[in-house]
Amino acid sequence: MADLDPWLAATLLLPIAMLAACGFARARARIPDLLWLVPLPALFTAVVAPDGAELVLPAARLGLGLSFRLDRVGAMLLGAAALLWLLAGVYARAGLRRTPGAAAFAIWWLLTMLGNLGVFLAHDMVTFYLFFTIASLAAYGLIVHDQSAPARRAGRVYVAFTLISEAMLLAGFVLLAAATPQHGIGIDEVVDALAQSPWRGTTMALLITAFALKIGLVPLHAWMPLAYSAAPIAAASVLSGAAVKAGVIGLIRFLPFAAPPPHWGQALAAAGLVSAFYGVGAGLFRANPKTVLAYSSVSQMGVLATVLGMGLMAANRHTAIIAAFYATHHVLVKGSLFLALGIAASRGWRLWVVAALALGLAGLPLTGGALAKAAIKLPLSDGAIGLIADLSAVASAILMFHFLRCLVCAPDAEPAPPATRLRRRAWLLLALACVAVPAALFPRLELMTWGEIFGPKPLWDAAWPILVGGLVTLARQSFYDRLPVRRAGAELGVDHALLLISRRFGDAVVAIDQHLRQWPTAALMFVGLVLVLAGALLMR
Amino acid sequence: MTSALAFDLALAALVLAIATLTIAAREAMSAVISFIAYGLLLSLAWVRLRAPDVALTEAAIGAGVTGLLLLGAAATIGDRQAGAAPPLALMLAAGLACALVASGLAATTLVLLPEPAPTLAPPAMASLATTGLGNPVTAVLFVYRALDTLLEKVVLVLALLGVWSLAPDRVWGGVARLGPDAPPRAMLVFLAQLLPPVGMVIAIYMFWTGADHPGGAFQGGAILAAMWLIVLTARLADMPATSHPGLRLLVLAGPMLFAAIGFAGWALADAFLAYPEGYAKPLIILAEAGLTLSIAATLACLVAGPATRTPPP
Amino acid sequence: MTIFAACAALLMGLGLFGLITNPQPLRKIVAFNILGSGVFLLFGIVARRGAAAGVGADPVPQALVITGIVVAFAATAMAVALLLRLFADRGDTRLDHESAAGTEPARDDCRPP
Amino acid sequence: MTDAASQSVLPVLGIMLPATGMLLMLLVGGRYVEWLALILLPAGLAVAAAIFAAVWREGHTLIYVVGGWQPPLGIALRADGLSAAMMLVTAVIICATGLFAGPQFSQPRGRPERRAPLVFWTLLLAIWAALNAVVVGADLFNLYVALELLTFAAVPLVALTGGTETIEAALRYLLFALLGSVSYLIGTVLLFAAYGTLDIALLSARVRPEPISWIAASLMTIGLIAKTALFPLHLWLPPAHAGAPAPGSAVLSALVVKGSFFLIVRLWFDAMPGLLNLAAAQLLAGLGAAAILLGSILALRQSRLKLLIAYSTVAQVGYLFLIFPLAGAASEPASSIAWTGGWLQLFSHAFAKAAMFMAAGLIAEALGHDRIAELGGIARRLPISTLAFALAGLSLMGVPPSGGFVAKWLLLLASVMQGQWWWAAVILLGGVLAGAYVLIVVGKALAPAGAAAAPTAPVSRRREVVALTVALGAVLLGLVPLQPSELLQIGRLDVHALAAR
């Protein structure tokens, strides 16, 4: 069966089966313990399934169905995400045991995972939209898990952003289909047909905005610090590490690298640059390590958007794989940094591991981050842009030093339950993967040789931003106490204002409705409509 | 022709005046009373429009039974506060809108209708012979458009079910209360003894003649219902309980008989609700007989309303 | 016939006005009946216009009116029964209770912290 | 209508089987009512399936001339592709509702007859007969009688629980529906006066674009809109649909409001093809758009679950009216796409809304209330009902694979292709708002129970499974192809040929 890869099928069926099992009370109690098992088939798929493995559900032959395909880009992200889901699942297990909301958490977890894994495999727009939506909506449950006021607020903001992103995505997809012969929905064919689309500009705008919302490009990032600060550590880890990559894979899949329309590359790159620096700037004023990491995500996704934008400008097909590689590293490193917050990593040798991971984001030599930075240097290598890339590395380094400082100074973000040995091992494994996975994948990219990485010049190139960052941090030390530290997402007082406005608006609508539903008004409206409709019909 | 015109003019003016009175009356009771007068006058208009069948129906059901129903309701509710009248601006807007609608409809009927008017009278008359009936309206009701009539009987039964369903749970299947609790007046009792035999004769005549002359099941049924209601109001007989199998059979026999004849037509003649050659008239009279009784029972029960007392043991 | 056509249109307008503006449901029901009889009269005019083949009025619209009158009566009966039940339960016959109290104020959990 | 058509008595059976069944139920009463329902529901489903199969297989309309009297004098019944699909969906939902309502409305053995069961089962069958009469009716006055049948069956269903609010809601519903009926009747008599026929097929050949047609059509359309509860004529719907018992709400929201909508489409697409001009089509869809946006916002603002669902119906009905500008224009294939999308929206909403009301009914039964703020922990106690609600909600939001998604996709595609992007914006915004109100409920249901959570009453597992199955029906509808359906075109007039005439 050429079109039915068993691993691929198992990747999706296992989470679904687990979800189905949640319908039974006895099974439901056991599910939280088994969460970590669920991404195993996905991990195998990513490792063993051949490039181009396909899965087409039978219904697809009738018309609408779901079709999946694994390629190198998808496999990298799928593997990294599955690994993170697995280890974060191990981590979550300890905290969930016999807590009242465990089953609900497990359901949201499984749904988010299902959506997240599926989105890397989707081969047509409907499938993509399905899994993208599942992951996005289910993440709401993870964010509001502890039902505290900040969590509910974060959930509300997140849902607003997500639903708007979904709507824009759907609009973009419909425009893509409308421009495709026979209104096909295969991702390859619609992206090819985009060049001839009469709505090319609108389509690009909708898709880029939708995915930018998902990856939190400034100014569409407002939900991200709130959500990651409010979510439990395990959830924040998978959301920031894995779930956000749905937006990255979206950009990779749907940007027309082969025949890019003018200006969109510049726009995306510019937005990415703004995000890259804004994230750092904003993160420096936060004290909560979770919030700092969230802003780091804003910044890192900005870097990624810049890479994709530059690739689009240059019509460089390789951009996809490079961006995927960078994202793969980010999956693992951001996931493990979040998990570090719950295992008392602020002391002893573990602090050094955290430091290596954190500075890896700035390209610390001999880490996975250095490879990731090296890979994206290619599209970013020319002149002024190269300088900006270096500056971004410096900025990342400064932010990460700040994070380390917050980690050391702040008490554990989630003191109870105590860090178990299992949790620490899971975390350590993940930290190892941050080096091992990029190292294993890097040669396959065939971008450059190890020699080009380990030469003295490249090592120096990677190291000096860290040194500069460290020096700046030391210099900053003296001001530290004077700096105003802001609460997570405080600049988002806007959401209160918006909430108030929408509440006013809602009240107005309710008032209108009550008025319209009075008998004389409604009956008069009836007569009025008869007259208006007759008038409209007579108007020829 | 001018005297006829003058009569029509006077009639129309009177109808409109009484209608205005009905709408504008201060008290519910006077509105209902003028509505009954309005209905009776309107049946005169129907006579003028050469529609005696409709005139009879309007008088019997539109004015008669409806009037009884509304009288009862008005007597119970009276003019108790039902919310304020809408603000003046809304009244004005409503007046304007209704004036627009009325003038639009008047213009439509007076100006836009085609000449010569399309009519189905020729085919209806041409086929009349095959039905054996003399009254084309009855032919339309029971032959050409029998499905409408059948469904409308179902509507009537459904309305009765709807009314019955408003009984509180504890008195379900009980007896409907009719009229005031006070003992009936002697005059009413006298009337209730005098009228029903006459009414029944008229009703039977109406239904019987309906095949060939104006009249039929509706009108006959309505008169029977009225007679029954008089008897009930005068306490000469008791309303049967709504769970009484006999009452339910009475209500349902007509529609079910009609449906059975329809299905028999499917089996024996060519089509559902077709009548076998030569048997049309007897079958229609049979159906009408059943329907007259059922209509009488249904209308009376509709006027009597839902049960208010528990069924007798 | 022209007279009755105008009469029918005016009756419909009158009935409609009563139906819209009268706050008392019983009066609304009466107004509905006037509106309905106006419509039926329109059928009568159409029937009369269709006089042909030796009959004074087209029998088809006449039959439709008879059906219509019965349906209107059924509607009246149901409305009156509902009204009487409402009156028995509540002692008044206002129809705007629900719209005044149906939509409750905002939920607590949506209030900004 | 297309020339090819075959005589079949099935449409008559579709009406008369439930109608006579209903009369029989009233006659026998008591416990026999449920036994009769047990026979009649599958029989009616079989008739609907047979009609569907016949139309599907033969590819043309089934016609029955009642009593052998050809229109215009007589009455014909016609089952085209659309009627067949409507009948099947109706039958499935009615049967599911019957299964769901079984335990709730059963007569105790050896005790006097109870009110609610007898009334419920008879009304269920009456609604079924009426809906079938509406979808196969081909005569405007016959359709009027069918509509009244539908109204008179729906109103007592609203008042079935007997609460004062429901009585008031039923009275408002009845009075407003009567206003709609009268308006429809005026249009009918005007058309008869102008063209001498009430038969839809004959009318479509005779009707001319002239003022009397437009006046008649506007009266009929607005009258039907009042019965469909399209904004701003929705005054009666929320209290009526929220006040009825759960199986009643399911049928009312899923099917009854669609009956009158179906007739609006019959009127404009079959009886008066090509007469709907741009301005009027935009007006109708504009009302639909207002319904989508304001209905969804109002749904968001409700504090009671059943009212939220009822307002969601107000919103979802709005989508149906987008069919007029999108499918009415002569621009293939966009208009066929919109046609399929519109009907799919109707079908999938029928399933989704029925499932939602069933689930909400079970939740209310378990908790003793349906206040959204206090739903915490219900997912633990009624996981199946919560899942049913969530799946139905996903269809309303338009998440694939669900009928709601395919419907929205096709409607969006059609509006983009016709350059009427404003409808696309409305559809998308409606999806966002639907997502918000569904997520609020599901989020609350999955949240842990509050400290003051009341003990829950037990709920029948079978009824939960019925609700879930109906919700799965909405999901399964998403497996139809993403393209115009041929079935729904069977028996349709060739509008564009007529427009060119």
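All chains are identified by letter, namely A, B, C and D, in their written order; residue positions are counted from 1 within each chain.
Definition applied: contacts are C-beta pairs under 8 Å (C-beta built on N, C-alpha and C of every residue); 3 or more make two chains touch, one makes a residue touch a chain.
Here the structure is a predicted model, which means the values were calculated and not measured.
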Chain closest to the assembly centre - both centres taken as Cα means: D
Between A-C and A-B, the pair joined by more C-beta contacts: A-C
Whole-Å separation of chain centres (CA-atom averages), subunit A against subunit B: 70
Between subunit A and subunit C, centroid-to-centroid distance (C-alpha), Å: 59
Subunit B-subunit D separation of Cα centroids, rounded to whole Å: 31
Centre-of-Cα separation between subunit C and subunit B, whole angstrom: 15
Interface hub residues of subunit C, defined as touching at least two other chains: 12, 16, 19-21, 23, 25, 29, 42, 46, 49-50, 60, 64, 67, 71, 74-75, 78, 82-83, 85, 95-96, 99, 102-103, 106, 109
Set of subunit B residues in contact with two or more other chains: 86, 90, 94, 97-98, 101, 104-105, 109, 113, 117-120, 124, 144-145, 148, 152, 155, 158-159, 162, 166
Per-residue multi-chain contacts in subunit D, two or more chains: 73, 141, 145, 148, 152, 155-156, 159, 167, 172, 175, 179, 186, 190, 192-193, 196, 211, 215, 235, 238, 298, 301
Chain contact graph, described as a line, ring, star, complete graph or other shape: complete
List of subunit C residues in touch with subunit B within their complex: 1-18, 20-27, 29-31, 33-34, 37, 40-42, 44-60, 62-67, 69-78, 80-85, 87, 91-96
Footprint of subunit D on subunit C - complex, ascending: 12, 19, 25, 28-29, 32, 35-36, 39, 42-43, 46, 49-50, 60-61, 64, 67-68, 71, 74-75, 78-79, 82-83, 85-86, 89-90, 95, 97-99, 102-109
Touching residues on subunit D, where the partner in the complex is subunit C: 73, 141, 144-145, 148, 152, 155-156, 159, 164-165, 167-172, 174-175, 178-179, 181-182, 185-186, 189-190, 192-193, 196, 235, 238-239, 298, 301-304, 307, 372-373
Touch list for subunit D against partner subunit B, complex: 9, 12, 15-16, 19-20, 22-24, 26-27, 29, 64-69, 72-75, 112-116, 119, 122-123, 126, 129, 133, 141-142, 145-146, 148-149, 152-153, 155-156, 159-160, 162, 167, 186, 190, 192-197, 210-212, 215
Complex contacts: residues of subunit A adjacent to subunit D: 22-23, 25, 28, 59, 62-66, 100-101, 103-104, 107-108, 126-127, 129-130, 133-134, 137, 140-141, 144, 147, 155, 159-160, 163-164, 166-168, 170-171, 174-175, 177-178, 183, 185, 199, 505-506, 509-510, 512-513, 516-519, 522-523, 525-526, 529-530, 532-534, 536-540
